[in-house]
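Next come two complexes built around chain A: one with chain B, the other with chain C.
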Partner chain A sequence: MSDVHDLEPQAFLEEVHSFEFWFQAVEGYLSGTTWGHRPDAIESPMSAEDRDRLITVLCNYCVGEAAALEGASGLIVIAPNRLAKVFLATQVADEGRHLEVFYHRMRDLGVSDPEREVERRASGSLQTFRRRLLELVASKDWEAAIFAQNVILESLEFAVFQDHAREADPVTAEVLRGVVKDERRHIGFGENELGRRVASAPHIRARLGQIKKELDHLVLEALEETNLLLGLPRDEHERLGRIYLESVARLGFAT
Partner chain B sequence: MSGVPDGGARDERDVAATVELAEGEPAAGSPAANDPQGDRQRFVLDDTGFDEVPKKYRRFYRKWKGAGDRLAPNEVICPVCKVVIRSSRTLLPGDRVYCMPCMSRLVVTRNEATGDLEALVAY
Partner chain C sequence: MADFLSAYSIQNWLESCPQGYLDGTVFGHKPGEQEIEILKSNDVLHEDAIRTTVQLVVGERCALAASSGLINSAPDEASKRFLATQTLDEARHVEIFTHRLYDLGIRKDALEATIKEYANPNLVKFAGVLLEKVDKKDFVAGVVGQNIVLEGMAFSVFEMMYAMNEEMNPKFAHTLSGTIADERRHVGFGENRIGSLIKENPDRRPDVERMQKDMSYFMLATFADAFRNSEAVDELERIGQERSHTRFHGADLGALAPEEMEDLLATTVLKEFKTRLGRIGLEYQTPARP
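Coming up: the complex of A and B.
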């Protein structure tokens, strides 16, 4: 066998959901970095206003990452099989790292107490989303919680972080690019896990449709707030919104 | 091979064979299994610096470079994470490929409107 596409589907799933795969994957792009970026990455000059906006954006990112950290760790208990449990364990490690590098970036920017700053500045929509996600996890609703976390939240983060990395200062851009590489696994896990479940139990679709209806506006409000802080043009807002909605559309939910 | 993006695949006839992944027959649905006579063009895949999967799998993926980039006949874009998936054979509709960076199983189709190959997620 000389081609990865020759693998049996089950062998593929066993491989990509393993800790071994995760470890070798992250080693490829995190080796040699400190706090998510090369130690010799150069800070570019930033106006006080830009710095302040970046801190607020990072506060929002921290709320999303904290939600995913708490959500993923809580989901391990109710994950339906070993592969999902192991994958979620790797996601917990990823989310913990993301939270850490964003907090550290805030300290780099002169924030002495990032926790307090997050409480003070973070988007109300994202905080409501976090609370609702953790309620879904606590209620042991596997499909709804995975949908909220690995499809809705992760799709939002994937779209926003990619865009922000293109415009950000060099250090923040490196941190974001590393996070995006992790997010690919998270969105893929969510979409594939739910896709399999919806295909075999179509009644799940209606319940997830309700969750989407409930959470969509929170996500889109948070997206709008972040876009404004990043100073993105209007057409870029719409493009990001479309990227977010694509993944839920692929699962068969009308946008 | 002309028309292949920088860092893309080259014709296997021009270069030496690459490392083996593991022993075993290609699984049903794979490009190799769908090409029992070996009629399709073969490609040797170079490592393009894609670092999001373990080393032994890196040559099967590359980053999409945006406007100006072109897909080779053995490449298709993952609709989930937008990474370019590469095969050692020309891809055709019906082939099953894997996107390791986002852990998706995909089936190659042809877009009737554009004639381009696309990948759909197979849940």
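Coming up: the complex of A and C.
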């Protein structure tokens, strides 16, 4: 097979939502890494203040990843077909890995009990988002939960991680770049799954628009908190907010 | 506990599973391996292979629903992360056994109807007992049901099937060997993690032991249906095809009658249950024999 996009729609889904596809994809960028980075990646010197800020940022990333892990695992049982279930299982393993590499990064930075640190430092708006996402999953509302998880949350993480990777210390940057590659796959699944449904039942778009309206302020608040911690200037805050909104809009959910 | 759970990290899983024993495989077997011709050309053996594979898909679908469903009720992050790897293992098993059905000639649009037609009702009830606990977010019962009972059963069933197919059908045997390695890890987690939880919650014992007894009964009923109704052994004899004389727990599988194979498998699994449940502080409950 030269390009999966040349396949017929059903054959395409059989291919890209399979364990085999995931296996080949992650093998390409995780092979030879330990805890998400090359074992010989060099730590750069960091002031105590920068280190502390980075720990808080990582705590917030862990809340997002824990929400994604719990959300994706809860979605498997309500997924409408085997291929969606298998894809979500690969996503569950990805989200578990993200949580693990962020915890490990915190240990590298001197945090002895990352779970406790996350509880202590996590952003309130992200925790509210996590609760709301899990409510949508528990209500077995497939479209709404996939939208909140694979469009809103993944787009937020994609925008933040990609941006942070540009400025981060070398080890954190490598970890983030690996995570971003996974997020791209997850967003693709959400886009594909919802795109087909919205096209065949336009009333779904209006319902998803309501959910976006409800969740946007939580996402933008979380972004603001992270930006302050990363020490970004005001115009950068707005730029990152725009990146998030544009990436959701690109998926056809601008309203 | 933290040290024991670190052995079940995703990093370890990546190194031992996708980058270890699955490296170089396609849908769990070596590239280019095919199902043996006789399974395609002989109607009785073909149907028997489909029926058997459907039970594997049903069992793995249950394991996928259970392991993913348990993540949200896990009491700590490290257990959630281990269950994330188990979720993906189970999804892989669903995928490879589904692919075996395709290899046996089942059309993709006939997959669900085939599963519905051949799924053993007792296996479906077995799954129902477990998934009820998972639905109720009962982590202790769910892990015992999933990682001790279901995985313990799967482990012995796969080992027996592996022994029967090692010489006759290397493609299927290779598919099974990767799943056996996965199941070993899952059972290990169940024993290690749940032992401490049972100690902390002794009041949960009667309920969990009752679940084990119910699941064991439906498991034995599934074995009874599978062996007593199978025509494969008779058909092999009729066409003069020698059975494979590999050994499983000291017995020559090529010399046993179906009911003797059923007894051997049931005895093996129940003995394993007794040992493993004893290790985690639960008393094995003898199920009725169907």
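A few notes on this one:
The rule is simple: the second predicted complex is superposed on the first by the 243 of 255 C-alpha atoms of A that agree within 3 Å, B and C clash if a C-alpha of one lies under 4 Å from a C-alpha of the other, contacts with A are read in each partner's own complex, and residues count from 1 in each chain.
Going forward, a residue touches a chain if its C-beta (ideal position, glycine included) is under 8 Å from a C-beta of that chain, and two chains touch if they have at least 3 such contacts.
These figures come from a predicted structure and were not determined experimentally.
Superposition model on chain A: chain B and chain C are shown accommodated side by side without a clash.
Of the two partner chains placed around the shared chain by superposition, chain C is the only one that A:34 touches, whereas chain B remains out of contact.
Within the superposed three-chain model, A:199 lies in touch with chain B and out of touch with chain C [touch as defined at top].
Applying the stated contact rule after C-alpha superposition, one finds that A:92 touches chain C and leaves chain B untouched. When the shared chain is aligned, chain B comes close enough to touch A:250, but chain C does not. Looking at the shared chain after the overlay, A:139 reaches neither chain B nor chain C. Shared-chain residue A:73: touches chain C; no touch with chain B. When the shared chain is aligned, no partner comes close enough to touch A:44: not chain B, not chain C. Of the two partner chains placed around the shared chain by superposition, chain C is the only one that A:19 touches, whereas chain B remains out of contact.
No C-alpha atom of chain B lies closer than 13 Å to one of chain C in the superposed arrangement. On the chain C side of its complex with chain A, the touching residues are 9-11, 14, 18-19, 22, 26-27, 64-65, 68-69, 71-72, 76-77, 80-81, 83-85, 87-88, 90-92, 94-95, 98, 108, 111.
Listing the residues of chain A that touch chain C in their complex gives 10, 14, 18-20, 23, 26-27, 30-31, 34-35, 66, 69-70, 73-74, 76-77, 82, 85-86, 88-90, 92-93, 95-97, 99-100, 103, 115, 134. On chain B, the positions that touch chain A within their shared complex are 17-18, 20-27, 30-33, 51-55, 57-58, 60, 79-81, 83, 87-89, 95-105, 121, 123. Here chain A touches chain B in the complex through residues 1-9, 11-13, 15-17, 21, 24-25, 28-29, 158, 181, 184-185, 187-189, 191-192, 195-196, 198-199, 246-247, 250, going by the rule given at the top.
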